[in-house]
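Next up: some structures, all given as structure tokens.
You will see subunit A twice below: alongside subunit B first, and alongside subunit C after that.
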Partner chain A sequence: MTLIRGRRILAGAMTLVAAAALAACGSKTTDGNTSAGVAADVSGDTVKVGLLNSLSGTMAISEVTVRDSIMLAIEEINAAGGVLDKKIEPVGEDGASDWPTFAEKAEKLIREDRVAAVFGCWTSASRKAVKPVFEKNKALLFYPVQYEGLEQSPYIFYTGATTNQQIVPGLDYLKAQGTTSLYLVGSDYVFPRTANKIIKAYAEANGMKVLGEDYAPLGSTEFGTITNKVKSSGADAVFNTLNGDSNVAFFKEYKSAGLTADSMPVVSVSIAEEEVKSIGTQYLEGQLTAWNYYQTTPGAANEKFVAAYKAKYGADKPTSDPMEAAYISVYLWKAMVEKAGTFDVEKVREASDGITFEAPEGLVTVDGATQHIAKTARVGKIGADGLITEVWNSGEPITPDPYLKSYPWAGGLS
Partner chain B sequence: MTTVARDPVAAADPSPTPPTRPAAGPSRHRYRAAVGFAFGAALLFAVAPLLLSDFRLSLLAKYLCVAMVAVGIGLAWGRGGMLTLGQGVFFGLGGYAMAMHLKLADAGPGNMPDFMMLYGQLDELPLWWRPFASPWFALPATMLLPMAVAFVLGSLVFRRRVRGAYFAILSQALAAAMVILLIGQQGTTGGTNGLTDIQGFFGYDLDDPVNQRMVYFIIAGTLLALLALARHLMQSRYGELLVAVRDSEERVRFLGYDPATVKLVAYVVAAGMAGLAGALFVPAVGIISPALIGIVPSIEFVIGVAIGGRATLLGPVLGAVAVAWARTALSERFPGTWTYLQGLLFVVVVAFLPGGLASLIGLARRRDDGEPRPSRFARFRPRRREGAA
Partner chain C sequence: MTVLIGQLFTGVSIGAVLLLIALGLALTFGQMGVINMAHGEFIMAGAYTTYVLQQVITAAGWSLLIALPIAFVVAGAMGVLLEMLLIRRLYARPLDTLLVTWGVSLILQQLARDIFGSPNVQTRAPELLTGNIALPGGITVANNRLFILALAGGAVVALTLALRVTPLGRRIRAVVQNRDLAAVSGIPTARVDRMTFFIGSGLAGIAGVALTLLGPIGPTMGTNLIIDAFLVVVVGGIGQLKGTVIVAFALGVLQATGEYLTTLSVAKVMVFIAIVAFLQWRPQGLFTLRTRSLA
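Then we have the complex of A and B:
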């Protein structure tokens, strides 16, 4: 058939070209030394850093505030002379709430822009997607959000809380209040599921009962059934790991079911000042949150941060825990670089241990072994004005323990 | 590349007489196809690797995987009239099958993947993971698994004459269901994170740029092979029959053919292509997650095809690559506003070029040949086609 002959010509042509191309590729093997990592470009009088946040998609509402805080820190540092006499030049990329896009943009920032460090990511999924990219290229990521722990990448600095700095102290607080039974409500993704695993292990070891555990898909607004189950369980308190819009629907249902902060308090770990504003204080008043920083946290460093943020972005903009963690991540990087005397990633990592910073949340110390930071845990109550007031704190910064190795009840978790 | 685009279109042009292949200048067309493929191969195998940095080449590899899905959609939707809004399912099945094997290979024999220890707290590998340890099972599964699912679904749906919007909605529901299933089984599927941190590809270290290049060549070669397959199908008797079913299913039934079988073949082939694309996406990008296979990505696959021109051979490929490339380029240039620009681009193309970018080539060609070709446009308005029966 004519078709067959055509195919033969075609196959022949293709094979030839492929062979030529592969040969060209083979010769590149000798000079391909890029796998050892890409050195940051610091030849000019500026040093580039990458900003990797979702500016579009479902996560944009939260991640834009993180981007704003990082920009504020960069401006302040530049105004004060920069890092090692170089001004910081931010290169922004949009992760678009899409995890493979995060990986793509991370690679672009490292290989094309040759940034000295990257600041950003919010969801655990985006962090898991970029982690191999940073490890492969031996580049640095500063991750500013509380997360589920059980991770310790040599190329990531975690400036948000790990579980023993947020969830475990939150549970300690409930236990001290006499709570003996819990109901767990969360969004269906990695952080809530892992957090609830830890909560259940804690509850078992501390004589608390978990009366139920429910997950709603991310973005779900159907909470009638879950609220009814919560109500009929008669639990002392609810531990809430819902994320985003779902909180609005959940708290509305919660209130209309006749449940209140007095009858059955809800402890949330993903509701900060920004979210309180969008959910509505009428639904949240009196409920509890667990974080490391509130806009109301006392101290000169925080007053300065809040004032600077409001001056730049508007008086009605609140500051929150992830924003603060993002803000201090730039300062911590600066301190590490200055201690190391170079932007070289390995030297910066070596210099990181013991770096301290008077942060808005109080004194924080970098733990070189885990690359997390020691932070003070705080439980707060949401007020009618939308601000969160501290009702309890751990008294001193808690040493990070991402794998909960120092907690006997967590033995089977990692 | 234009030469390739012209050929199959011309070949499938309805002619008043029924022969399966147009009689006009067959040898000229044959050369055109061979030259076109050689040109495409030269572009993918020589020009792109020489011009692009390692990073850009790995992006191109990713685009080409999307293009493979597009080839299948072009066949099923452009030629077969089935609006496959759920190709993410097949892409995901292929991707997960490959990723499961690579994760197991990374972990080493007898070990469990890292995420399972973290989230699952399982004592041993779940039963349904075990066969994927063998490449002899996993590799065929990347294509056969999606094809089997498509076969079962297609047999049920096409026999019952489910068409149009109902078929599209069904495809979407399947994609949504699969995402919910994967997220719910965090301990064994990695949940929302998906399967990440894939280090090796059959013994080759994926961190090494040379091996990344190899993956790119495999992807480029596979895409060309799939194009050749699609071209062959489109030009065969079967291809004519498929177009006939698209345009008038009842008439084909009365002629004694079974339209359900005709559609099923295109649907299953498209699913296999999507599965293969998913499988190759994994070593190229290093991640497969529910976010890549749900409703939104499934729609995005179709958008690329619509923009490129769904009824042509090369249109879907060019459209998919163009959309993916525009996405990257716009988001790098305008990180704050790129989504608006992308939307604008879609609106402009759909409003002014309903036949997709491929119709630009058609317009240019009409000018070349100096003869009007009304049938080309009739293709997008099936009812007014001439000579369909």
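Then we have the complex of A and C:
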């Protein structure tokens, strides 16, 4: 199981170099019209959109579910008449879990297929790789995974959570539960280190103590010592930003050490329904996760989404937060286009502010200034059946704040 | 104090894992001098064997026990195949062996990906092994780690006995000490080599079964282990089992202590520095085998 997630910047530097090189080549060959951007081809009775996900390689397991969700939304929209009386024609490309490939395929979708918008990407590394391509061509990307924040591209709409819609509310929940001390465990790369910086700043301002902080390399499976340290620290709770397979080894060790969700709960931000299935509920039952959506989230919109997804892809397939964020991104784009009355990228961006949608996770609103969306934060408990049941929510959608500007304690972070 | 004892146990159990993955290599690399980069993939084969068995036999306890002998045979057979098809032709060219077995390791990884898919898979551990034993003073000892410790101990005892008292063991030792003399004394060295390779690779399979208790099973799990395994054998001294055993536990405790006092990455660096310093002082490793062979 590779659960390496969104926001996560593996080999970030290398990717940037590769992407920069690619962008440089691109601008050389197509000099004349780069500044103007490429207009989408909407002359026929269909409008093309790009789907850019890894269908092969280590990320495929996660990204295929995102692709499936986007396809579901497109089918539903087409069945209801399409967008501005045009049917959506999806053009799929495989990013192959390789960040330079993402940049190359993005360029192809924009320039050759002349799509009106692109949906996809998962890891932060792939997003960072395609970002200059979208900015150079003035084309739109809808990014559906929660990430580390501190980014705001004019040509990307972020439909997953930023830090103040997932990590900060998770901490608020712990504080309300009377948690006064935390232990931080994470994978050793940008996302967990950024997240933990935010957590430490929060803790300091809120009278919580951080008793320890440990990082394991991605893929590490030896958690004996870390578990010992966690146990002897006597912390009230553990905040887990581990990614990928390390979670399997960590939770096995955690249970072996006699630690339970009752004695020392773990709050994870990278374990959704898919991952629960693969780690095994044997180890996860009762532990907490912070997200914006669970398969069990109540409401007619979610019942419809879950039923439609299972009908199309199989009754045993769970729905998860990134899948939901991908599904609604297509509907949000449709609403923006219809409000603008055109597929023109600049006009669509101008029209985006204030767009609302009754999403499976509840009402979401696009914030035009940050191009993120206001979402309800949730904390859930993992059950024996592998599903996650909500134990707390923020009550109302939280306005996105990718740079945490409205939090005085976060002053020194960005 | 509690923490200290807990950490000591963690160190010993890291040592047990190191010992299990290095034991097979101590035989094929230590005794025969073959640099087998595909050793890690034999570990992977053992782990996947456990996974496949659990699909058939759903009782986690039984499937784990049955997996032990089957993984031994599966990994051992793969080793023999490798020995017969490739390594045998390269005994005089150790550097070529390194490249060839590395290629084999890549092929085996891709094979695993094609058969089982690239996402890693998990096995369920028997309920008995997910718990722990609470000792007085708040010390807890994880059952799965005790099991691995017992398994490593058992493997060492069995291997030592096999080398000391069985006719095959005598022949193996004879071939290691002086191949030519063994050959002229009528020992079929080619067959002995093959058997040594079978046992060494089979032990890798056993290590694979044990590792399913600690982490996920995936196509690249072997590559992460192979370096540690070679380190243990090189530092322990070529051709000596007791060196491998002592060094495995020493490195385990060093790693656990370093990690406790600093962080995981710093501890890894400390271990590497200690190894480099040690090899400067004793390039031949902790123990050496005195032989009359000219090589």
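Convention: the second predicted complex is superposed on the first by the 381 of 414 C-alpha atoms of A that agree within 3 Å, B and C clash if a C-alpha of one lies under 4 Å from a C-alpha of the other, contacts with A are read in each partner's own complex, and residues count from 1 in each chain.
Just so it is clear, a contact is a pair of C-beta atoms (placed from the backbone, for glycine too) under 8 Å apart; a residue touches a chain by one contact, two chains touch by 3 or more.
Small disclaimer: the values here were computed from a predicted structure and weren't measured.
Peer 1: Using the superposition on chain A described above, determine whether A:D214 touches subunit B (first), subunit C (second), both, or neither.
Peer 2: The second partner, subunit C, only.
Peer 1: Tell me which partner A:V391 touches in the superposition: subunit B (first), subunit C (second), both or neither.
Peer 2: neither
Peer 1: On the A-aligned overlay, A:D188 touches which partner chain: subunit B = first, subunit C = second, or both, or neither?
Peer 2: In the superposed model, A:D188 contacts both subunit B and subunit C.
Peer 1: Considering only touches as defined above, state whether A:A257 meets subunit B (first), subunit C (second), both or neither.
Peer 2: second
Peer 1: Look at A:I61 in the shared chain and tell me whether it touches subunit B only, subunit C only, both, or neither; answer first, second, both or neither.
Peer 2: After superposition on chain A, A:I61 lies in contact with subunit C alone.
Peer 1: Examine A:I279 and indicate which partner it touches, taking first as subunit B and second as subunit C; both and neither are also allowed.
Peer 2: The answer is second: A:I279 touches subunit C but not subunit B.
Peer 1: Of subunit B and subunit C, which one touches more residues of subunit A?
Peer 2: When the residues of subunit A touched by each partner are counted, B comes out ahead.
Peer 1: Considering only the contact definition stated at the top, list the common interface residues of subunit A for subunit B and subunit C.
Peer 2: The answer is residues 2, 188, 215, 217 of subunit A.
Peer 1: Touching subunit A in the complex: which residues of subunit C?
Peer 2: The touching residues are 2-3, 6-7, 10, 13-14, 17, 118-122, 124-125, 130-132, 134, 140, 142-145, 211, 213-216, 218, 220, 224, 255-256, 259-260, 263-265, 267.
Peer 1: What residues of subunit B sit close enough to touch subunit A in their complex?
Peer 2: Residues in contact with subunit A: 26-27, 30-31, 33-34, 37-38, 41-42, 45-46, 49-50, 53-55, 58-59, 62, 117-119, 121, 180, 183-184, 186, 191-194, 196-199, 207-210, 213-214, 217, 221, 224, 228, 232, 235, 285-287, 289, 291-292, 328, 331-332, 335-336, 338-339.
Peer 1: Quick one: in the complex, what on subunit A touches subunit C?
Peer 2: The contact residues of subunit A facing subunit C are 1-2, 57-58, 60-61, 188, 214-217, 219-222, 224-226, 228-229, 231-232, 245, 248-249, 252-253, 255-258, 278-280, 282-283.
Peer 1: Within their complex, state which residues of subunit A touch subunit B.
Peer 2: Where subunit A meets subunit B, its residues are 2-3, 5-7, 9-10, 13-14, 17-18, 20-22, 24-25, 28-29, 32, 34-35, 55-56, 92-94, 96, 98-101, 103-105, 107-108, 111-112, 123-125, 128-129, 131-133, 136, 150, 188-190, 193-194, 197, 215, 217-218, 412-414.
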